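The letters A, B, C and D name the chains in turn, as written, and every chain counts its residues from 1.
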Amino acid sequence: MSDVKDINLAEEGKNKIEWAYSQMPVLAEIRKRFQKEKPLKGVKIAACLHVTTETANLMLTLKAGGAQIALCASNPLSTQDDVAAALSKEIDVFAIKGEDNERYYKHINSVLDIKPDITMDDGADLVSTLHSKRKNLISNVIGGTEETTTGVIRLRAMERDGVLKYPIIAVNDAETKHMFDNYYGTGQSTIDGIIRATNILIAGKTFVVSGYGWCGKGVALRAKGMGANVVVTEVNPLRALQALMDGYQVMSMNEAAKIGDIFVTTTGNVDIIKKEHFLLMKDNAVVANSGHFNVEINIPELEAISKSKKKIRPFVDQYTLKNGRKINLLGEGRLINLAAAEGHPASVMDMSFANQALSVEYIVKNAKKLEKKVYKVPKEIDQEVAKLKLKCLGIEIDELSDRQKQYLESWKEGT
Amino acid sequence: MSDVKDINLAEEGKNKIEWAYSQMPVLAEIRKRFQKEKPLKGVKIAACLHVTTETANLMLTLKAGGAQIALCASNPLSTQDDVAAALSKEIDVFAIKGEDNERYYKHINSVLDIKPDITMDDGADLVSTLHSKRKNLISNVIGGTEETTTGVIRLRAMERDGVLKYPIIAVNDAETKHMFDNYYGTGQSTIDGIIRATNILIAGKTFVVSGYGWCGKGVALRAKGMGANVVVTEVNPLRALQALMDGYQVMSMNEAAKIGDIFVTTTGNVDIIKKEHFLLMKDNAVVANSGHFNVEINIPELEAISKSKKKIRPFVDQYTLKNGRKINLLGEGRLINLAAAEGHPASVMDMSFANQALSVEYIVKNAKKLEKKVYKVPKEIDQEVAKLKLKCLGIEIDELSDRQKQYLESWKEGT
Amino acid sequence: MSDVKDINLAEEGKNKIEWAYSQMPVLAEIRKRFQKEKPLKGVKIAACLHVTTETANLMLTLKAGGAQIALCASNPLSTQDDVAAALSKEIDVFAIKGEDNERYYKHINSVLDIKPDITMDDGADLVSTLHSKRKNLISNVIGGTEETTTGVIRLRAMERDGVLKYPIIAVNDAETKHMFDNYYGTGQSTIDGIIRATNILIAGKTFVVSGYGWCGKGVALRAKGMGANVVVTEVNPLRALQALMDGYQVMSMNEAAKIGDIFVTTTGNVDIIKKEHFLLMKDNAVVANSGHFNVEINIPELEAISKSKKKIRPFVDQYTLKNGRKINLLGEGRLINLAAAEGHPASVMDMSFANQALSVEYIVKNAKKLEKKVYKVPKEIDQEVAKLKLKCLGIEIDELSDRQKQYLESWKEGT
Amino acid sequence: MSDVKDINLAEEGKNKIEWAYSQMPVLAEIRKRFQKEKPLKGVKIAACLHVTTETANLMLTLKAGGAQIALCASNPLSTQDDVAAALSKEIDVFAIKGEDNERYYKHINSVLDIKPDITMDDGADLVSTLHSKRKNLISNVIGGTEETTTGVIRLRAMERDGVLKYPIIAVNDAETKHMFDNYYGTGQSTIDGIIRATNILIAGKTFVVSGYGWCGKGVALRAKGMGANVVVTEVNPLRALQALMDGYQVMSMNEAAKIGDIFVTTTGNVDIIKKEHFLLMKDNAVVANSGHFNVEINIPELEAISKSKKKIRPFVDQYTLKNGRKINLLGEGRLINLAAAEGHPASVMDMSFANQALSVEYIVKNAKKLEKKVYKVPKEIDQEVAKLKLKCLGIEIDELSDRQKQYLESWKEGT
């Protein structure tokens, strides 16, 4: 019942999934327990996530817990076809790299056909479709999880507007998720995606990062670590100050557009780079997006001011503007780390997906107590994931002594 | 009515206060407004803060707003005597560098003699004295501010125990405070204090940082920036993981003690370095504290295992252990950045003290609405300080367009 | 007369060559001049270089100068087949990615069949074959160039033993070559190769670099920039000290083997990682080489202590040792940046190959004056390349005034 | 027969010298041997060096070897008066911090009165005086050493002009000297000097470094490590490219002058910052020099365009220009690390001065073989110092195996 590109890629995909699993010890611990306890027995899960080796391991963990699962892609370009093939031997998978918008939504609907008890989303396209086109299925759903900042923003807006119909756990808000996945994960994989797409030297380049949230901070840090001269643009004064004190140049995009060699957007907002900026850019500028949706770079405006376009490398579309200058758009403006590279490394997704697995378990156990709200990941889950990770890495840390605990509680001891 | 070391140091102190003021443009903007509006007219303030050039400028700003002020030191070693002298010509000052514990508390009491309407504290020694020894004065007080993490922890414990008698604004919790002062400020000034005290080369040293909160993160980053090989110890698994992913070695203090050349504590807790650790250290190890109180390093235990002690440089006490090895304790275990250097640089205190000044104004205007609780700095004050700082630095950033604001509100647009 | 994998890849290869050319402005300037002046008219060149987009642009530049060229690969794994296809429409190319040792040497011989006036080598396999198996061709040769450290070491040994039969210019020794290509180029591309091969997160890993020459320094710097905890092993005490002062841990390989997660060799020597080290490694360790030849990691010894081997990802051979632990060898121990990634970025090869082109021109013009020695790149060429690069980047720097020149010459002015 | 500021400072000075000695294990090893072997018995040394704790330990080492020594300062502002006092109990010392030019040269002459066999110089003022005003003493001299880049440049000019009258060993050229002292030493101590002088926050500042030799590279690296946005100016295209690839902005001083908050010169040349640059600077800019002589900043031109000048902190002269803007000159334009801080840390001077001590011994043993030239430090001495340092630090590194040595010699093994 799956729809994948080529089932013959399954063997290769299986090896890659295993490789990733060797980097995901926390999820492995959880899988072992799930296998024994079967906490998800009989639960139907509709999942809309990037179809990568790490996601495959999450799916296999949920399955080990007793769940029945259907999975589609949360982005048309992020599917790894060999992984999809391998995984389709275990669960239903609907995902083909490069699928068009129509098929993308058809796949979302195929996944919903499972009549889910629980949704797992990454960007809220699944939840949004469920709430607009497949309302009849909602009454069945006891809860859901959401993986990413962008999705959480959309879901909070739904909650605010009173249209959210079941509880959602914002996995993104777990500290063991966004402080690691968004920062270390996005940082490395964005640089990785840009280099794979272009093979350009980062050292000596002026590298413009838009947005200085966890993702932007990670990208800026790694660009600096590779020898770039980093420029940050922001709309939030506090973050702008942080960027400045972190040693970066801070300016408006109008100024940055003139001096940048490479541009990366990480804002979760639209129109970060648009017509007026393209027109200011140097010849041969490279433009990429690392935010969830391909709206941060205004591609229609880029098309409108161009006289020609050429795919010069697999993930590089070179636009020649009417002013004669060339602009290189990477990965069609979609998240560059998934479009041109392999997404976040397994060891960082290990913690994000441990939170996912434990949050699903939590929903199953606590469904009755939960309201139609966006919830944080319970503190205990977050702490548990961190402890498990350290244990797997073989790292021992100190523990508070009784005397220390007591000191922290007291207000009487001073100078 | 002041008690300072030597009034003849006033001229030198005045120049240094002016120099700092040139680095504090945000406070300068506020002072200008205060001078015109006199929002603190008739308000009596008892302040217990490190007596530095930056504090002097805060005091002068409050005075410009109409307040009557008495100031004492929040740490016996942190007073700059020339600054105290200069400032004593404008307000009452009770602070002498190196004063003993008795005089330290005598000075706190002198300050309380003003019968304050408002308290400003840094570490909660003033508030604690007021709540235990000078209870009769409490009824007068309409509110207070607290500058530091340690103080906020003590005050929250008081609130929890139901003994806090008036509202306090935790200035430390402002993002424009702790993200800058604790991180960039402590980072630089701790390294500065260690180098001034010892003149040792940081490059190539194994540098152990205990605690990976904002202060510890700042110290670790700057130690790395100076070429050290940094080791972090923590009790919190999440922070331990962050330290690891930031490229540091993470281990227990028992392990770190064996390999460290330089140790710095930034935890806000007791007994971080104690007997068992001293006994493991290499010959000639250097030990310093950057936390608020001198309890993080257990000095009595160090004394007990030593056969001799010698002041080998102004801020270096060299202990010779019975095992023959030497351990160098800096600044008597007090905050090294204030003991051996000049505390946080003015440009970072600019934001912290802008929050202080605006919080005092806020208390005066809103005293009736406030309960006997520890409050956060109002969001508007925090944002205002960040905007003002960027403006003073001449940095322009982007603003959200209507289209962008609308996009952030909406949940319907997806892939 | 070429031997390439698939001529149908030519179109794709052509685009990639063009893309690289857009990053090679210095070579472009030289090509323009060569086209006009034809300084290499009638010169036959046998070239043995990594067959990459950058090499393609060097070949086209030499051809523009009037040369007739035959090119083979300088490493069996480093050929980009699409580039070879595209280039074979312009010159003779003998290179197929993954060719076996026999074909590798057959290709070297095919290239020599051109009866070269000049040799261009990268690792000295071509020169070495010419001096041992094809001696009859030597009398024709007026000179050669050598690209890499390893080759220069071999050629200096030949000079020392009195067997070098014609002059060679050591392009590697140009400052605009080894300070950039070996440092910034190897640094980025080695990290790139490891990430493409494994998709592992560098942050938080213990990353062991063997050798702290220009290549090792570059790799260590970038690993640190990606968040690793870097360990360096060396045999040279001075370099070991540098590594220490640069903030890295320094130890013997016996110690490093126990704690490393990732190992990279950059020494130009044999047996850097061998049996005794493999046996000490942690489960799942990753081992790669970034030196010229695949001798730095002793693979036969690894095979001997393993009970099985599995290709788990395209460039990852996972060995299971008899002790049960797994070791992942990348790219069969060949230069990881060429095996799993695309070699040095074009913008850094721009300078290296500008030195190559100008050195070939220099040999043609000065053949009679040169002896059977290894020569440095003439200072003027080096300076010319640096100036040209800055000009192409649009960067203006200061020039010495007459007063400054005079001051530098004088010894009479003092305190 | 000494001339020091205050002999009563001797006790404090003695402690500081001991402290430094604890950081100088290599020199300590040499002192132990000298004490036994007395290789300098009867040798008279005239030394002109910065009178710091480290120099004191070098002097005591030479004395232990049997030498008779007179020491003066190599810079009027770099003397530590307490150290001079303590040292004057062991050897003749002529040095007072802040001495005027006349007394500076009087002290040089006092030192020459010893009728030296050997000169030790730092900047070549001693050698230059000897060659111009005290020619009669030259015939006695068998050799000398020179510590710094600037001095070596002057001496090479003398050699070139045929006026150098005895052999000099350029200690600066030892790899264990300039790669450590000039890079790590100047890097840290320059930042240290600036912070002690001003207490300004480096993070977020635009920090301009002029000159990208070893000293400039070190200063730029540490400024970046403290959070600055670093700009480099250079006259050498190759170094300018290096700075660019290291992630810094590179531009002319005319451009840098407009945006810099802090300026540091490290060029060894005159007129780096002059009238035209001062006039472009922002209000409150900070200007310092880290090169040997106070000629890099053109102070007379600064005076000429100023309407007033005020010492606002001990090492800060604040000039108010006629255009109303303020410029803060640190340490009167003299080497900021010695003027406002304590010079290079002991552990880095350990290697520099080990080279000095061993070079003096070398001169005594080899005087007859040496010509009137500037010599490099013999390779064996350089290697010996590095090995000794690693040994003292307890670091073990690998050694070449026979198989590895053989491989490095051979040219026959290839792919």
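FYI, a contact is a pair of C-beta atoms (placed from the backbone, for glycine too) under 8 Å apart; a residue touches a chain by one contact, two chains touch by 3 or more.
Keep in mind the model is a prediction, meaning the values are calculated, not measured.
For chain pairs A-D and B-D, the one joined by more C-beta pairs in contact is B-D. Note: the chain lying farthest from chain D is A, by mean C-alpha position.
Residue-numbered contact pairs of C-D overlap by over half with those of A-B, the repeat interface among A-B, A-C or B-C.
Between chain A and chain D the centroid-to-centroid distance comes to 52 Å (mean Cα coordinates, whole Å).
Separation between the centroids of chain B and chain D, computed from CA atoms only, is 36 Å.
For chain B, the set of residues that touch two or more other chains comprises 184, 203-204, 224, 227, 241, 244-245, 393.
Residue ranges of chain A in contact with chain B, taken from their complex: 74-76, 101, 104, 123-125, 128, 132, 153-155, 157-158, 161, 175-176, 179-180, 184, 233-235, 237-238, 240-242, 244-245, 250-253, 255, 268-271, 293-295, 382-383, 386-387, 389-390, 393, 395-401, 403-404, 407-415. Interface residues of chain A, counted against chain C in their complex, comprise 15-16, 18-20, 22-23, 53, 184-185, 187-188, 192, 195-196, 198-204, 222, 224-227, 284, 310-313, 316, 326, 341-342, 344-348, 393. Those residues of chain B that touch chain C in the complex are listed here as 203-204, 224, 227-230, 241, 244-249.
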